[in-house]
Structures are given as C-alpha cells and as structure tokens.
Amino acid sequence: GNEGGTTSTSDGEQASIGMVTDLGSVNDKSFNQSAWEGLQKLKEDHGYDVKYLEPQSDAEVEPSLLQFVNNKTDLTWATAATLEDAVKNIAETNPDAKLGIVDSALEGVANVVSVSFKENEGAFLAGVVAGTMTESDKVGFVGGMEIPVIQRFHAGFAAGVKAVNPDAEVLVNYVGAFNRVDMGKSAAATMYDAGVDIIFHASGGTGNGIFNEAQERFNAGKQVWVIGVDKDQSLEFGNDITLTSMMKYVDQAVYDISHEALTGQFPGGEVVRLGLNENGVGLADTSDINVSQEVLSKVEEYKEEIINGNIEVPETP
Amino acid sequence: MEVLANVINGSIVFAVALALGALGGMLSERAGVINLGVEGFMISGAFFGAIGAHYAETLNLGGLSPWIGLMTAFIFTGLFSFLYVMATLKFKADHVISGVVINLLSANATFFLVKLLFDGAADTPRISNMFRRINIPLLSDIPFLGIAFFRSYPTTYLALAIIVIGSYILFKTPIGLRVRGTGENPGSVDTAGINVYKIKFWSVMLSGSLSALGGATIVLTSNGNFSFNTIAGQGYIAIAAVILGRWKPYGVMWGALLFGFAQAIKDQIQIFPSFDAIPTEVFYLLPYVITLIALILTGSKSKAPKALGTHYDSSVK
Amino acid sequence: MKRVEKVLELKNISKKFGEFYANKNINLEIGRGQIHALLGENGAGKSTLMSTVFGLHQPDGGEIYVYERQIKIENPNHAIKLGIGMVHQHFKLVEDFTVTENIILGMEPKIGHRINMKSATKEVKDLSEKYGLKVDPNSKVENLAVGVQQKVEILKALYRGANILIFDEPTAVLTPDEIGELLDIMKTLVAEGKSIVLITHKLNEIMSVADKCTVIRRGEYIKTVDIKDTDENELAQLMVGKTISKQLDKNPFNPADKILEINHLHLVSKSGRKILDDVSLTVHGGEVLGIAGVDGNGQSELVESIVNMIETNTGEIKIKGQSTKGKSIRDIFESGVSYVPADRHKHGLVLDKNISENLILIEYYKKQYNDGLNLKKMLIRDEGKQKMQAFDIRAESEATIVRGMSGGNQQKVILAREISRNPELLIIVQPTRGLDIGAINFIHNQIIRLRDQGVAILLVSFELEELLSLSDRINIIFDGKIIGQVDPNNTNDTELGLMMAGKGV
Amino acid sequence: MNAVAKHMKNRNILVPILATIIALVFGAIIMLIAGYNPVIAYQSLLNKVFGSAYDIGEVIRAIIPLLLSGFAVALANKAGLLNIGVDGQITIGAVASLLVGTLVDFPPIIHGFTALTVGVIAGGLWGVLIAYLKTRFTINEVISSIMLNYVALYLSHMLIRGIVPQEGSQRSALIQDSASISLNSLSELLNGARVHWGLFITPLIIFGFYYFFNKTRYGYETEVVGLNNHAAHYAGIKVNRIITRTMFISGAIGGLIGVFDTLGVYKYMAISTSTSGVGFDGVAIALLGGNTTIGTTLSGVLIGVLKYGSQGMQFGAGVPSEIIGMIISLIIFFVAAPGLVKKLLPNMEHTKKEVQ
C-alpha cells in the first residue's frame, strides 16, 4: 500500500532493506541493535534505503514482515530465532520476496537465507579465559532462559573451563528473563558471595545487573569480573570489571549477506553457519586490556584446535 | 550460615522497592481510594528517577545524583497522582478503571518520552553514580546480623524510616486518625468538621509519590537506567503486600520481605549443583506460590477499610 | 448585651434536589432552652432541612439566623464552630474506632505531635458522667448496642461544645428504657441552657418532652403549635393532612396447630460468648408471637437460625413438625416461610434493581417466573404493577430503581414480596422502623389480616406499642435467653421495659 | 419515561464517541509537539487496517482475543468479581489445547474440536481456582489472579519443555494438521491472513453474554450476587456456587483465547518470558464498555483496530506505537470520568448529567 509518500520505498532506483525485530527495541544494545547497525552501515556505504518495524506482540510479526514484502522491499530481515515460523509462512506465501533470518537454521525455503552462529565455539574461548584466570576455581554462567541458543553458550563455556581447569566449578543460574536487570544483579550477587570471581552471561539486558553488581563490588574494593556477550560490553561497562566479551558479529553477517543479496548472488535456501572459522564469533579485540598475552595465546591455540576440528565443542550442557 | 545472611541481605534488596510501592498503595487505600495504579506510579518513579539522576550527572553532581533522582521521582510522579486524584475524587470515576488508566498511561507516556528525549533509544543513558551499599559502622561487623541487615542501600534505611514514621503518624497522630477515619467512614469525618476531600486529595497525592520511590529504588540501586521492562509487575506484587500486610506499615514490610525472600532464595538454591534435577521453572514459580500460601494462611483475617472504593458525597446518607 | 432568646431561626428555607423541592419556604424558630419537635411523614423533608442547618448542603433560598445573626453555614465545621451539633438518623461513627477516638475526631487533644489519649479518655469520661451518658471510652464502637452508639453520637456533639442540638429520629432504634433515658437526658440538656431540635414520628414522645412542634408536609411548612395546647390527634392530622384511625380490629384469638417449634437452641460466638442460650418457643397458626427485647440480645441470630442463614450449635427447630436440619434457606422458604429482615438495605433489597425485579428475589427460580431458562419478563412486570397497587407502593413505575425510594416504600416492596408468597409462617423483624404513621398502619393491618387468615407470625420489634397492639403473646429475650412471657392484654410498658432490661421477673 | 430512556441512550453512546475523538485530537497534538505528522500518521493507521484483504483478515484476528478477553472480564464484573487473571487462563487454555493438539491422533475437525474443548475446560478450571481461593480462604481475587498468571506462565514452560519440546527451538512442537482450526480456504482468499473458527465462535459468545444477562434466570441471580451478595444469601441463592460458576465461564472464555492462538494462529506455543497481556486489555475493554454487550463489543473493536493500526503508523509516519497506547488510555480515562468530557465541551451540557 501507499504510505503517504514519507517512505521512499524502492520503486526501482535505490534498493531497500527492511528489518523486523523480535519483541523489544531496535536499540536493545544486543542483536537487534547489531543487525540494525549492519544495515545502517550499508546505508552509508551503498545508500540502500533501510527501515525497521518493532512488533508489539508475537501475532504482529507476520503482518510486519508482510508490510515490507508488500512494499517490494528487496530484502527483509528478521532478527531472532523466535520469528522463524513467521518468516517461513510469509516466505512460502510470497515466493518472489527475499527474506533473511538471524539466529536460525531454517533450511530449504528457497527465498530465505538464515544465519546461525556457533555460539558454543565462541563461548568455549570465553571459558578458556575464565578457567585460566579464576583464582577461586569457581566461575559462573548466567543465562536468560533455558532455551537452545542460550544452552549453546552454556555448553561451550563449561567445556572451555573444563578444558583448561578440570577442577574449576561452574555455577549456573538461568534467571528466566532477558530484561530483568534487578534479577541479574541478585543472581550475580549470590554467585560472587558464593566465591565466584568470573561470571559469563548470555542474558541480554538482565546481564546489565551483573555488571552493576560487579561494579559495585569493584567500587567497594573487591575485584570481580564479568565476561560480556554479543557485543564488546567493555565499551559500555568499562575495563574495571569487563574481563572480555564473546562477540557475535551479527552486524557483519547482516552487512555481508545483504550486500551479496542485493548485488546478485542471494544465498536463498541456505543456512549460513558462522563459527570461529568464519569469524562469526570470537573474543573482543579489547580483550588484551585485562587478559594477559599468555592467556590470549592459549586462547589462540584452542581456537586453532577447534577450527581444524580436533576439538568438538558440545551444543548442549 | 553466611549463606542465609546473604539471602536475607538479598531479600531486603528486592523487598525495599516493593515495600515503598506498597506503602503508597496502603496510604491511598487507608483514605478509601483503591489503588490499582501502583504499577503505574512505580513506572513513573523509575522513569523520573532515571532521568533525574542522569541529568544531575550531566551537571556533574556526582554522588548527589541518585538523591536528585529520588527527589525527581517523588515530585514529578505528582503529575500522575494528580490525574488519579482528578479522576477518582473530582470526576468520581471508578477507582479500578482509574488505576488501569494510570498503569496504561504512565507506561506508554514514559516509554514514549524515552524515545523522544534520547532519540529513539529503548532505555535511558546508564548512570554511573548509583546508590551503593553502605556498611553501618560497628553494626555491619556483627557476625550474622551485620551481613544480613547492616550492609544495605541508603534506600533501605529510607524505607525503614518511612515505615516507622508512617506507622507513628497513622496510629498516633490526629492526621493519622483522620485518614483512617476517612477510609472507614467518611461521613463521620465530614460531620466531625473535617474536610474529607482534602484528606483524600493529599493521601492519594502522597501515595503516588511514595510508590514512585519504589520504582526509583529499582533504577538507582540495581538497574542503573530505565527501560520498558524495569517495572514488570512489581506494582501488582506490591498490592499483594498491602493485603498481606493488612493495610499496616509494618505488615506491609513483612509482606514485601516475604516476597523478596522468595526471590532471593531462588538464586541461592539454583547455584547448588545438587538441584540440577529440578526444572528451573520451579524456582520461577516459587515467589508466587509462596505468596499465595502466605495469603491462604493470613487471608481470612485481612480487613480492608470499610469505605474502600466508594465516592463520598455529603448530601447522600 | 441583651440575652438572645432565638438561638436558631430559619426564614423561607428552600432546598431542591434536581427539580424536586425537598424543602420549600420553611420557617422555624428555636428558643433558648427549648425542645422543639419537627414532625413529618417519611420524605417530608426533615432530615434535609436539618442537614442544611448543619452545613451538609446549601439552601437554594431563604436565610438562616444563629443567635439572631444571619449566617451562611458553609460546612459542618462551620456549624460546629457556631455551636450546632447533630445526632444523625444514620449514625456517623467509625465502627473500627474506640468511643474516645470517635468523639475527639477532629478536635484531638495533643502532646507534641501525638494524640494525648490519656487526657482525651478522661475528658470523655467526665463528659459522660456530667450528662449521665454511660459509655466505656475504650470500647470499640462496633461492639456497642445501638442505644449506646447513640450516646456516643450525643457526646460527640457535646464534646464540640454544641449549644443547639439536632436529633434526627433518635428513638427509632431505641428500647422503651433507652427512650425514657434519652428523653430525660434531653431534659437535663435544656436545663443546662442548651436548645434541642427533635425529629421524630412518635407523637407520644413529642407530647412528653417538647415545648413546641413544627409540622412539615411534602417539604412545605404547615404549622407550629404549642404542645401545651394540642394533642396527639391534632398533630397526627397536621402531619398527614387527614384524620387516621389508629384502631386495629382483629378477630378473637384462636390458635390453630403448631407451625414453628424451637427447642433448646444454643449458639456460641467464635469468641465463646453465648449468643443464644437454650431458647425454646412455639408459634401457632393464627397467632402473633411478639419477641420483645433490646437490640442485640440475640433476636437477629434467632430469626436467622430459623431460616438457616446461620448455623446453631445445638438444639432443634421444627417447621410444621419437620426438622430444618440440613435444609437450605430455599428449602425453608419453600416449606411455607416468609421472612422480612431487619435491615432493608443490606438483606431485604437489591437497591440497584427495580421494583419488579426485587419482587421476584426469592422465587425467580420457580416455574412460575421462568420456563427453566428464561425469565417471564412480561408476567413479572405485570405482577409488579399489581403488587404496587395492592400494597400501595408509591413510585413512578414498577421499573423504578429501589435505591431512590423512601424507606417506607422500600419496606412495602419487601412486605409485598413476602406476604404474597402466602406463607404459613411469617417472620417479621422491625417492620415499621423509621416509617410514618400512614405506612405503619398499613403494615400493621397487613399483619393482622394474615393472622386472621391463620398464618403463624413471629414478630420481632423494639417498639413496645407495636408489640402490644399486634401480639397475642409476647416473649421477652434478654442476653440470648427467653426470660419470660406476658399477655399483652394485661401488662404495661413499665413491666415490659423492666423485663427487657433483664430486671423484674 | 420514554424520554428518560432516550436520554440515557444518548448519554451512553455519546460519551465514548466524544472521548474517542478528544483522545485522538490529544494524540495528534502530542505528535505535532514530538514533530510527527498526525495526518499522515492517522492516514497510514487506516491504511494499515483497511489497506488490503490480508490486513482486514488480520485485524479480525487481532480483534477476536480482545473481544473475548473483554467479555471474560465483563462477565466476572457482573458477579462483582475483578478477573485480571485472564492472562493466566489464556496460557492454561493454550497449553492444554497444545497437548491435545500434538499428542493425540484424531480425524480432522474432531481433533480440533476435542483440543478446543479441553483447552476451554482447562481455562475454566484455572478460573475456578481463583474462585476457590476467594470463597474458601477469602483471598482477594485480584491478588490471586496476579499470582496465578505467573504460575500459569511457568507451568506452561515446564509442560512445553517437558512433554512437547521442539528440538533446538524456543517453542513447542507444531500441532498436528488435524488439530488445526484455521479456515484455510478463507485464509487463502485473504492472502494468508490467519482467520480461524473464532470468526464464528466469538459472535456466539457475544450473543450468549447478551442472552444470559437479559433473558435468563441464571443471569439474574448472577447480577443479584454482584449487586448485593448479602441479599442474595438471604434470598437463598448459593453465593459461592454462583461465584465459582461465573469464574468457570469467565476462565473458559479466557481459555478459548489461548486455544485460538495455539490451534488457529501459531500452531505451536512459544516459550515467552511473559504472558500476552491480552487479559489486561480485557479489563480496559470491559470497563470502557461498561460491562454491556454493545459497549464491550465496540470498545473491543476500537482498541483492536487502534492496536493493529499502530504498526502502520510506525511504518508510514515513524510514530512510535506508544502514542496509540496513550490514546487508548486517554479514551478510557475520559469515559470513566464523563464530567471531564463535559468540561472540555461545555455545549454538551445536558448529555452528561450523571456522575455516580
């Protein structure tokens, strides 16, 4: 339909990309935001017309996707596994539309490219850092919800810790929410009180609470660490408490695949799996601030082992 | 033993926000005005607390910022309280509807303002000067009690003060007598030559601001900023605390503590590997089930103010 | 300065509710040290007029003079400052508060910030002794009998230094002793130089204490008379505008067989207090058994246990020889029992439903009113019309919402419903509370008619006159016990009064 | 008398209409202040709602749960109960129908019908739980509702992950096609809009509500209990039984919402961090509609349209959907406080005398 002319949708001249977030904002400082940053970079570099929609309920996802599709948007991204079924339905009823989905392994739908990350591989490296650097031999993992994606983080991390420090203990707390900062803080407090000195989290906004608790303890003169997730969280929470971050390069993936798609070779029907090998996951470049060289070189060794298949990182704990 | 102390300490952290929210609810209900808007007032408090502290920081007020945030929350939530007063007192709107409106309006208005003030952001900028736990000299060194009670946030002691003073005012002073009378039988207060409208007006105004302190507490002690999920149902739990506490300040405190305990204990139990067998959901259920059980055990005795929810009109006998 | 004689004067006071005049050009003059009665039917405008004087609402016309100075009385606070106190028809007490708390509310003595309860309690004690109003300052109002609650109301006014006291139907809920007591109190008060406005429907009270009486009818001023040169009949005529016979002619008493039989009923409250203590009684067809007693001596529990609204601990209740054990309230009603409860607004009616809907409250579920699923709306409406006719219910139509109706008419709705169910046993409590003579006569005649038709009637009332004129036998209940039985034809107020107070026997 | 009736009618219709208009104007003003173009905004809202067959179908899909939720709440209100536990009843109804829809093998239609019935009953029983806590332990239904909403949510997670998980995904397995209650052919006409049996069942519920309270003895006794339960008790009505019965029906309607979502819209149930919130919309809708049949229906449709259209506003004019949220709350506010509308439009004097 016509949108009153405000949206210069691609009627030929410049290509357009749409994006539908999962519940939550495009500025969630997490993968929604990463994806959006990827698109904005595309806009700068190639002048694509980019736009997003934030559905207010699960039911609104399909209409939102369709809004783009009906607008002849050249490529429409959905930025979370939870949108998988919606993408599938829309793709099947609109065969000539191009769609992409992040964090999903949706296969065999000709006009959908799905990007999935091997979080467990990245988390393994985080585990190596934690396992080596812990002084109490107690590290913690805080998960948002007990769902497959998060379990991959959990499994990889635990494996990494065990690999370098068999007698280290991994305490686990699935908080049950991705945006209850106060619960994250409480979870962290409990772990630190129990002697944990490094916490790795995969819990979205809930994780902020972990950083807050760490910061508070740091201010009180007690050094404890947090390992960030998805983005380089040291940029937001500083280096006093951020040991390192396990990166998930959603922005890069979205950037690359979108560009491919709009310049001819759309990998429809494929599942693009991004692990260490493809530089889809890894540790933040700023890691060297708090992580010593020998630890980092150990990390590099394990990275090689994983890439050349000598180490098989589990996907479930 | 130390573990238990930590749990109690954690319980208090959760409880304080609830207690403040509940005290607000209790006050207006003591004056005969049902308050289902606690959630909304807490949202408003969280929002204004966050931006208040944020702007204070931008003015380099440093350690003063959280206090400013607290005040901002207290004062500006008056906007919503005033709306509530207008609806329930002047226009004699149904109290429950008005509460629903407050919840809807404050949620949407604040989220909207966040996007407006911080160009599209999903949350307010994080503040670096949050409240910190203060160790009360000497007391905090008492073995068990020290950790449990005397290493907490300023807001904890503020809440405690409000409870003590509030209880004194409500049960020992003329104004308290009049407020309680208004909730029980406005007719008698009116014919005793007291302005019922005035009493209700100020009770409700203050009620909103008190609840706001609860919301602000969450932001200023734990979250560090405000997002659309900062207050996610705590307001309703607070209402439960009011009923659990039978409309008495100390009762409300115990109600809040009970729920806080159920929250804190769930983090503690989860990190014991021996509990891996239990599905995590069981822990999530805990707080709500415990509250229900508490209600079952006390419920039958709870006694609401007699004129709760009614509109007073002197010409009607 | 000269001593004012007119403490309160109203000139052409009018008060409208919407388009309807509750008061129209009413004049009133209250002299110092006088008891001035205000007489009128239900809805005549008495409470409205006095509420205006007390600042509860503003008149739409006319002037108010207090101590011969014209004044606009803004609100109750203002009225209190002027020395006006009001004892309201429906008490304005906080049940959850103690006597003291209720009395000092708004004028609390303080030390620092806190209420000085000690001195408050003492003040209340002194005050109650000074005027002989016996109350325990520390007991919670909700635990007090109505009579005592009223004393609290009076003390409330006196505590505020009232010199002009307004009593709105103070005796409606009192026992003979209490009434006597109250009237004496009034006398002491006027002896103290205070002035009193007394609203009541009861002519004998007016005759016994009042100096003057002003009559209003349908909101309009009729006349002010000196008590010393008038009598009850004149007053009655002035009030209703026509002569009315207070005579009840009933058939000679010939009881048929037992309808209600109660044996050794016991009920103990949660707090262990004996509420019903070995109560036994019987009611025969064609007789009216009156239960005399001060409010709160177990009457309501007694009747509520007869219809199984509450469970008793031990004892047996038989209706037509059938034990009521384990029967539902509905079963009992179906076995031929009708029940007119004491509290119209709480039990008797659904105030927000209309007349015809209230008339089917008990029997809506019967074939007669529904086809198993749907209510027979037409039929229900028509029956409503008929019953309004038959029972002289005054309202716009059968679709009128009951809340806005006068207490008298509300009461008639309940009677219409309960009587037209053709009961064999009619339990009726406080049937004429707060009603005017017209309504009272009507209701009394209805009761007699049923008795003459052979219905068994259990009548609970606080009004001796009512009991004496209607009952064939009177049982006196005190403290949950039936402490005696008298024959209405050879007893008198004093004897009954004493027994009701637990004395005598 | 007739005049009075008319007057009442005018009033009841007029207030909400005026309220809506004023609220929309307020919304426009806010947009202007915030630098958006209200004209385009409202244009794209309507566009989104009526723009295409698909959208019309989807609006209906969006309205159905709101209507049902509104009537679930209204029903309870009539008996003097505030059921803000519809969210929980939805969840329970959904998960129950999900289990039947995935685990058992029945022929089409029958399978859908069985799953639907089970879901409805489950929702009803969840409502009865609230009634039980109230009648047996005198626990205020507002509180128990809130608690039970959370309990229902996590219970459903447990059942999904424990009994019908979908490997490697954050949702349950799909229901079997035989359990689907979608109207496929119609759905195709509407370019895939997710319409389902609710299209026919919802009107039935609405009519049932009207019939129940305006015709039947059961509606009558329910209202009596709601208006004065003392009188009801005196009249021999078993109050607790009515409360329980009412909460069962109310919960059952809630359950129906969950059933439609699971068997008609998604075909699976997601593990989401919170309940849908439709139950709370229901409270607003019922209150806005004054618990009347017409009122609740209209307000349900209105709010459904506004909510669905808000996506269009975001797309077309970049207006955040919170604006719509504000507008909705303003509408309710004005309806709840008619005196305010009167203030804002002095010329409408006579239309709004009441406030009580």
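Letters A, B, C and D mark the chains in the order given here, with residues in each chain numbered from 1 onward.
Rule of thumb we're sticking to: a contact is a pair of C-beta atoms (placed from the backbone, for glycine too) under 8 Å apart; a residue touches a chain by one contact, two chains touch by 3 or more.
Because the structure is predicted, anything quoted here is derived from the model rather than measured.
K.L.:
Applying the touch definition from the top, give me the chains sitting in contact with each of chain B and chain D.
P.N.:
A, C
K.L.:
Chain by chain, through touching neighbours only, how many steps does the shortest route from chain C to chain D take?
P.N.:
Each step joins two touching chains, and the minimum needed here is 1.
K.L.:
Sort the other chains by how far their Cα centres are from that of chain D and give me the top one.
P.N.:
The most distant chain relative to chain D turns out to be C.
K.L.:
Find the geometric centre of each of chain A and chain B from their Cα atoms only, then give the gap between the two centres in Å, rounded to an integer.
P.N.:
Those two chain centres are 35 Å apart.
K.L.:
Compute the distance, rounded to whole Å, between the mean C-alpha positions of chain B and chain C.
P.N.:
Those two chain centres are 45 Å apart.
K.L.:
Quick check: how many Å separate the C-alpha centres of chain A and chain C?
P.N.:
76
K.L.:
Listing for chain A: what residues touch at least two other chains?
P.N.:
146, 176-177, 179
K.L.:
Out of chain B, which residues touch more than one other chain, so two or more?
P.N.:
Within chain B, residues 232, 281, 284 contact more than one other chain.
K.L.:
Considering every pair of chains, which are in touch?
P.N.:
Every touching chain pair, ordered by label, is A-B, A-D, B-C, B-D, C-D.
K.L.:
Would you mind writing out the residues of chain A in touch with chain B in their complex?
P.N.:
24-29, 140, 146, 169, 171-174, 176-177, 179-183, 185-187, 189-191, 193-194, 205, 208-209, 212, 216, 219-220, 236
K.L.:
Using the touch definition up top, name the residues of chain B that touch chain C in the complex.
P.N.:
Residue list for chain B touching chain C: 168, 172-174, 177-178, 180-181, 184-185, 187-195, 306, 314-315, 317.
K.L.:
Could you list, by residue number, the parts of chain D that touch chain A in their complex?
P.N.:
For chain D paired with chain A, touching residues are 37, 40, 43-44, 47-48, 51-52, 54-55, 58, 61-62, 154, 161, 167-171, 191-192, 194, 261, 265-268, 270-274, 276-277, 307-308, 310-312, 314-318, 321.
K.L.:
Which bits of chain C are touching chain D when the two form their complex?
P.N.:
Residue list for chain C touching chain D: 309, 328-330, 332-333, 339, 341, 346-353, 357, 361-362, 364-365, 369-370, 373-375, 377, 396-397.
K.L.:
Write out the stretch or stretches of chain B touching chain A in their complex.
P.N.:
2-3, 6-7, 10, 13-14, 17, 120-123, 126, 130, 132-133, 218, 222-225, 227-230, 232, 263-264, 267-268, 270-271, 273, 280-281, 283-284
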